[in-house]
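Chain nomenclature is as follows: A, B, C and D, assigned in order of appearance, with residue numbering initiated at 1 for each chain independently.
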Amino acid sequence: MSKYQHIKELAYDANMQLPKLGLVVFTFGNVSAVDRSLGAFAIKPSGVPYADLSIDQMVIVDLDGKTIEGNLRPSSDTKTHALLYSRWEKIGGIVHTHSTYATAWAQSQRDIPIYGTTHADHNTVDIPCAPPMDDAMIEGDYEYETGFQIMNCLQQKGMSYEEVEMILVGNHAPFTWGKTADKAVYNSAVLETIAQMAFLTEQINANVPRLKDSLIRKHFERKHGPNSYYGQ
Amino acid sequence: MSKYQHIKELAYDANMQLPKLGLVVFTFGNVSAVDRSLGAFAIKPSGVPYADLSIDQMVIVDLDGKTIEGNLRPSSDTKTHALLYSRWEKIGGIVHTHSTYATAWAQSQRDIPIYGTTHADHNTVDIPCAPPMDDAMIEGDYEYETGFQIMNCLQQKGMSYEEVEMILVGNHAPFTWGKTADKAVYNSAVLETIAQMAFLTEQINANVPRLKDSLIRKHFERKHGPNSYYGQ
Amino acid sequence: MSKYQHIKELAYDANMQLPKLGLVVFTFGNVSAVDRSLGAFAIKPSGVPYADLSIDQMVIVDLDGKTIEGNLRPSSDTKTHALLYSRWEKIGGIVHTHSTYATAWAQSQRDIPIYGTTHADHNTVDIPCAPPMDDAMIEGDYEYETGFQIMNCLQQKGMSYEEVEMILVGNHAPFTWGKTADKAVYNSAVLETIAQMAFLTEQINANVPRLKDSLIRKHFERKHGPNSYYGQ
Amino acid sequence: MSKYQHIKELAYDANMQLPKLGLVVFTFGNVSAVDRSLGAFAIKPSGVPYADLSIDQMVIVDLDGKTIEGNLRPSSDTKTHALLYSRWEKIGGIVHTHSTYATAWAQSQRDIPIYGTTHADHNTVDIPCAPPMDDAMIEGDYEYETGFQIMNCLQQKGMSYEEVEMILVGNHAPFTWGKTADKAVYNSAVLETIAQMAFLTEQINANVPRLKDSLIRKHFERKHGPNSYYGQ
């Protein structure tokens, strides 16, 4: 048995959650799971529909983006995953989807404003939307550059990947991550929910204000702070 | 067998209706059921996804919010439930969700106007939206204060909890209640339906008037009045 | 066996299609099926959720709205059904729902404009929205008056119930009918689809024109005219 | 066994995907599959609901639109299929649906602007919306003329059917095609997704720009270019 079997299983299980959660159709998404001690991650193969996916098809890739094991080509977004794993030491999983509402915000090139406690339970800030890449990046090593675009956006906004586990890439779609592949999938579903609610909120009240600071702090701290006690 | 077994079962069954009705994802909601003679209620444990929930995990709490029985921590919203049970003698169940449309109205900080008979069959008034709490309440005993905010809002609007069984907490999400936990769940689903219809109604006709009084009275009385005969 | 067994079965089967088609939640709707030779129709009992419904529970009512057979109370909308059956000799079934998009248009008090061939395949006119009833009608025999409001609306617009098998009652919700109960259910589903598409069409293009006459005629005639050949 | 059995099966399987993908209700759609060597295609029979469909019911039609084999009447849109097969030599399947969002755009008489990479992964251009036909075409051989309207629209915009595999017919609904019937179904689902995202994008940002050229080129080429490597 492959020494990568455990991350293949983690990646497979996490990938299979995406269609169940309504976050993907056909092949529009991918999840990966990393093993830091092995310096490798397992990722969905390219172009295989979720209905046909199996554990054995997961592709093993190192942190430079080179395939180590597997008969299929890895997801075309593999280099974005590789770059983020190599720079962000504490993440264990990454998810990319084209989920409907989050993608609509990405296409709109707007950050998702923080309008309520559903958002504040998970993030203290507006969900950032990285601007579309400049032409040199697009025409260069596109998927690696997508990773840099994500990192640059967080850096410019003074955000840490440990605090903010989700981003929109302008004109493209969302990426999320977390300490495990399961947590990254959870974050994708949370982001889609927040995106839908924020869309509706602005439709219902065009002049709605952002959430006030005291409420942001309270909700985030009861879930994430040193004295956290949250859990519905 | 625990003397609280019957309310554990009531609370469990009612909680399990929420995902079936499309009102919750992951752990975003909770239902409780009270036994007045025992001075205690059963509530969903904190942070357990619905897919993993069992009857035995329900936590028994007294009306001061203290855990009496159970190995898990009760829902983080437990004190809100406790306060409402202690003040509102005739309710048997409480539901909190972050259902999509009702939460969008709560985030919009607007009452839901009464636009049709679907609404009037259940309430004669706009669904109230309590304003966001002031900073002292937020930084104090937050979940107890959420209960007070709900009670204060009804009082200021001259509404009775027996007549109006649903409210939005501004920037947060809906709470509903009823004589039983099942009725409280029903009210949550009704509220979500009303919230979606009101959103669409305003999109279709930005200048739509509220329902006229004669129609409000007629529909509510045929369902709730002394000569009620309603039932589709 | 009851001599009404066949219409009980027709009404039961038609009622059970409503939740499958996503047109009702809980008890928010009702279907009836008439037998002209018996001068009676079968209708859903009042207040029974669809999940608990059985054939034996269907209530048999005459065309004056009086119950002939059955242990349960008939739907609260029974008199509306009775009036329409007594005046419209060629219909075999009636459906009332609070389906989401059609109800939002009814609440908006607007006719649904004919924007495309999906609409024209079924109707050559805007779906009429009867105005809210006047106070005397509301405070009188409300459900009978609802039937008169429907008939008056068609009459004033010069429409025949044989050509236009669906209407919105302003502030309330849709009614549909047809030669059979199954056809009436089909019309309810078609109406909900048309209502959703018309809402979206106006959102996408606020200045969209109604469908032009030649296209209305063509689509309706290929489905309903003397030389009809339609069927996708 | 019929020598057309293989295309009956292809057409049946492709038709049955439509309700599973949420693209049709009742009978509102049809798929066909062609065999070039036999000069014939199999298409859904007219007016049969998807729930009742069987392989044997598929109707075999030649490229002039005449029925060769089958007991049922072919779809009323058969002549549109026949014309496109006879003019476009490299397509193997055609799909027509009234899917909700794509139909709303068709009713709105607007091309769907290219707002993101979900769109660019499949097309480098706005999804074209053919204008409503003129009265002479409508009153003539309507379904053949629908085919000409589609071809004329692509020609006037300088688009090839091999590059652009989807179109909206103004006031009507979408048609898609592809090298196989399965690919044509896939294109229908992609179009519905793109249509919903574009609708939401404009709601969220009324002034959103189209995708920039470098990003359009990059995404399309990584999927379709000579050095293609795409596949999520």
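Note that a residue touches a chain if its C-beta (ideal position, glycine included) is under 8 Å from a C-beta of that chain, and two chains touch if they have at least 3 such contacts.
In this text, all values refer to a predicted model and were calculated from it rather than measured experimentally.
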item	value
Rotation, 0 to 180 degrees and nearest 5, that superposes chain A on copy chain D via CA atoms	90
Per Cα centroids, the chain farthest from chain A	C
Interface numbering overlap (same over half, different under half) for chain C and chain D	different
Distance between the centres, which are taken as Cα means, of chain B and chain A, whole angstrom	33
Interface hub residues of chain B, defined as touching at least two other chains	203
Complete list of chain pairs which touch one another	A-B, A-D, B-C, C-D
In the complex with chain B, residue positions of chain A that touch it	21, 115-118, 186, 189-190, 193, 196-198, 200-201, 203-205, 208, 211-212, 214-215, 218, 222, 229-232
Chain C - residues contacting chain B, complex	25-30, 44-48, 73, 75-77, 96, 98, 100-101, 103-110, 132-133, 135, 138-139, 142, 171-173, 199, 202-203
